[in-house]
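Each of the two complexes below includes chain A, the first together with chain B, the second together with chain C.
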Partner chain A sequence: MIRLIMAFILLGVLGQQENENKIIARQGQISFFSYTSVENIKAENNQVLSIIDLENSTIAVSMLMSAFVFEKALMREHFNESYVESDIYPKATFEGSIVNYDPALSGVQTKIVKGIFSMHGVKKELEIKAKIEKNRGHFIVSGTFEALVKDYDIKIPPLLAGNIADSISVDFRFEYEPYEN
Partner chain B sequence: MRTRKILFLVFITIGYVQFSNGQELLELLDKEQKDVPEYTSATFKMTRIAIGHSIETRKKGILEIFVANRFWNTPNPQSESFFVDRLSTRFALEYGVADRLSVGLGGTSYDGLFDGYLKYKLIRQRGDGKGSPFSITLMHSSTYNSNAFPNLEGDFSNRLSFASQVLVAKKFSPDFSLQIAPSFIHRGQLLAAEDPRNHFAIGFGGRYKLGHHLSFVSEYYYIANPIKSFDTYGPFAIGVNWELGDLMLQFMLTNAQRIADDAFITQTRLNFNFKNPNLNFGFNATYVIHFKSGLKK
Partner chain C sequence: MGVKTKIAISILLILFLAGFTLYSFLNLVNAPDVDTLDLEPEVQLRAEELISYFKLQKRDDDSYYLEKVVGIKGVLNDVNNINNRYTLILDGGRDEPSSIICDMQANQSENVKKLKPGDTIFLKGVLKGFLKDVILLNCVMTNKELYD
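Moving on to the complex of A and B:
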């Protein structure tokens, strides 16, 4: 019986440890821009989730495509309905790891984040340069990368080809806090 | 026996810990995802399916410049008209007062009707299985007949007609939506005493997406108590809707020459076929202007 209790305690301790080294961002920001001579399009999502396991420097990001807000309300409808098809593919996710990252060091480090980005049913391997800031136990990860529209099987009708750039610039910024659950 | 149990537990524990330290961070994020209501968007992209209203209203601060045209030929085999014999155009401005409330003001050239409408999205379909499985929009329009009637008795009120509709629609899949529209029409001026003043009708409409920006649409209205002094038929339309960003185009074939709601539902005098002047080519163009930015700044 005692051993059974011990086993439960062990389970409890391990369970806690497992979360102790995780940090989470619940209001991460991702915005993207498309610059063309015809039209500039900007969209923001301030409800992006991200979690980092500091033990092995793995990172995951998850966002709802329908949470992107555009300058034009109708553009948001077009984006969800005709381009990224949010009814079928509601989320975009990223899972990967921060290469050679030492969470013990404070200050700013620039590291490569390597992983698989999944959007509109397409999985793509990405290497993103990210700035990781550690300040008294708080972590901020930010950066920019370029995504090609054609890589994600998103079709732009020829008549609108001039309005949407081939390469979309994506900005991200996540502020992490300790994960407790 | 007990030792085995403990060993089993320990293995499960160790297994669990290793499992969660791996690549399953995304599962943790799934649990964190807030339960925001997901309202179905774009059941129909445009505020009209083809000839009649759809459940869609425009978001707050959006102005639509709406031009609807119907072209048809007279039965004369020879004619001196360029392109087509007859043309009717309704020009309108339609504005989103709030996300769920739209107003519109317009005028039609051929029949001299001026119209205004109010449209309110009462219930929104939710795609996540919770809440309503369909959307309901209330539509009320009034038309003022500006034609000169030498023998029209009465005044202003005799020139007014009303159409009220309860638009009920469901987006069954990303590609397929259906709408049923019970309608009540009150006509101000009657051409014969035997004609009913109040009409009941029900509209059926559907959309099927042919591509990301192109959809096939069809619409039909059944009138329960039609006008008696002349023959009328249920207005029918088939067509395609094509959206190009801020510009949305609708092309259709229909037997309805009239454009205002009460007029096309109750006073479509010809049945749908490919003879002149029954066959009408319809073309709606909507240009959208945003007066409100969705981004904070």
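Moving on to the complex of A and C:
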């Protein structure tokens, strides 16, 4: 019985130590911008989940495609129903690692984040330049990258082709806090 | 009625119809999102019930509540203004690490400012899904009577 209790305590301590190295952002922001001569389209998702394991500098990001907020209701409908088909592919994810990152250093570091981005059923390897700020134990990761619509098997009807840019600018910003289960 | 008059009336009629069609089209294209204040919730749940629904996958169809207006009763854990948006975090219950994240509608800022952690609150919003927490957008404060 004593051994069993000790085993539970040990498992609890190990689990806690494992999570001490992790940080989490539950309200990360990802926004995208499409600029054409016909119209500009901007949308943002303010509930993006991201977890970083500082032990091995791995990063995971997950977002609900239907949680993007648009200026106009019709844009949101087209985005979800015709382009990203959020009923079939509800989430987009990124799994990767921050190359040569030292979490012990305070201040700003610019690093490459390398990994697999999965959206609309398509997986694509990405290398993104990111700014990582560490201030009093708090971490903020931000950056910008370009995504090509054709890389993600998104079909734009010819009639609307002029409304949507071939290359979409994507901004991200995550404020992390210590992970508590 | 002369031919010229008929042509003039026809042109006016066509212009009127074209103008009306264009006006209707622009209204449709530029329509903002519906205000959740005007919508009735399709279901009312306690925060704990909604979280356990997603965690335990009680139904085969896990998209049952998605995109529906859901009424929630819960205990406020936190109010924040991350990303310059008011967000309420509802407690998931004892020993439950998941919460409910409610992104508030812009017209709710005055109501939100009066809240403090520990308050029992009633709100409704459009359910978007579950990551580590349940996510609702376009949330508005609502009346306790909804649950009585």
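Methods note: the second predicted complex is superposed on the first by the 180 of 181 C-alpha atoms of A that agree within 3 Å, B and C clash if a C-alpha of one lies under 4 Å from a C-alpha of the other, contacts with A are read in each partner's own complex, and residues count from 1 in each chain.
In this text, a residue touches a chain if its C-beta (ideal position, glycine included) is under 8 Å from a C-beta of that chain, and two chains touch if they have at least 3 such contacts.
Since we're looking at a predicted model, the values are computed, not measured.
With chain A as the common reference, chain B cannot sit beside chain C without a clash.
Residue contacts after overlaying the shared chain place A:Tyr83 against chain B, while chain C stays out of touching range. Using the contact criterion defined above for the overlaid structures, shared-chain residue A:Ile59 touches chain B, although it does not reach chain C. When the shared chain is aligned, chain B comes close enough to touch A:Lys42, but chain C does not.
Once chain A of one complex is fitted onto chain A of the other, the partner contacts of A:Glu180 are limited to chain C, with no touch recorded for chain B.
One of chain B and chain C touches more residues of chain A, and that partner is B.
Shared-chain residue A:Glu95: touches chain B; no touch with chain C.
Applying the stated contact rule after C-alpha superposition, one finds that A:Ala73 touches each of chain B and chain C.
When the two complexes are overlaid on their common chain A, residue A:Pro157 makes contact with chain B while staying clear of chain C.
By the touch criterion defined above, A:Gln27 reaches chain C but does not reach chain B.
Chain C runs into chain B after superposition on chain A, and of the options 8-16, 44-52, 62-70 or 80-88 the stretch responsible is 62-70.
Touched by chain B in one complex and by chain C in the other are residues 24, 26, 44, 47, 49, 62, 64, 66-67, 69, 71-74, 76, 87, 90, 181 of chain A. Per the touch definition, chain B reaches chain A in the complex via residues 2-3, 5-6, 9-10, 13-14, 16-17, 20-23, 25-26, 28-34, 36, 38, 40-42, 45, 58-62, 127, 173-174, 212-213, 243-246, 288, 290, 292-295.
Those residues of chain A that touch chain B in the shared complex are 1, 3-4, 7-8, 10-11, 14-15, 17-18, 22, 24, 26, 42, 44, 47, 49-53, 55-56, 58-62, 64, 66-67, 69-78, 80-83, 85, 87-88, 90, 93, 95, 155, 157, 159-160, 163, 179, 181. Every residue of chain C that touches chain A in the complex is listed here, in rising order: 28-34, 63, 66-67, 80, 82-83, 85, 87, 97, 99, 101, 103, 128-129, 131-133, 135, 137. For chain A in complex with chain C, the residues that touch the partner chain are 24, 26-27, 29, 44, 46-47, 49, 62-64, 66-67, 69, 71-74, 76, 87, 90-91, 173, 175, 180-181.
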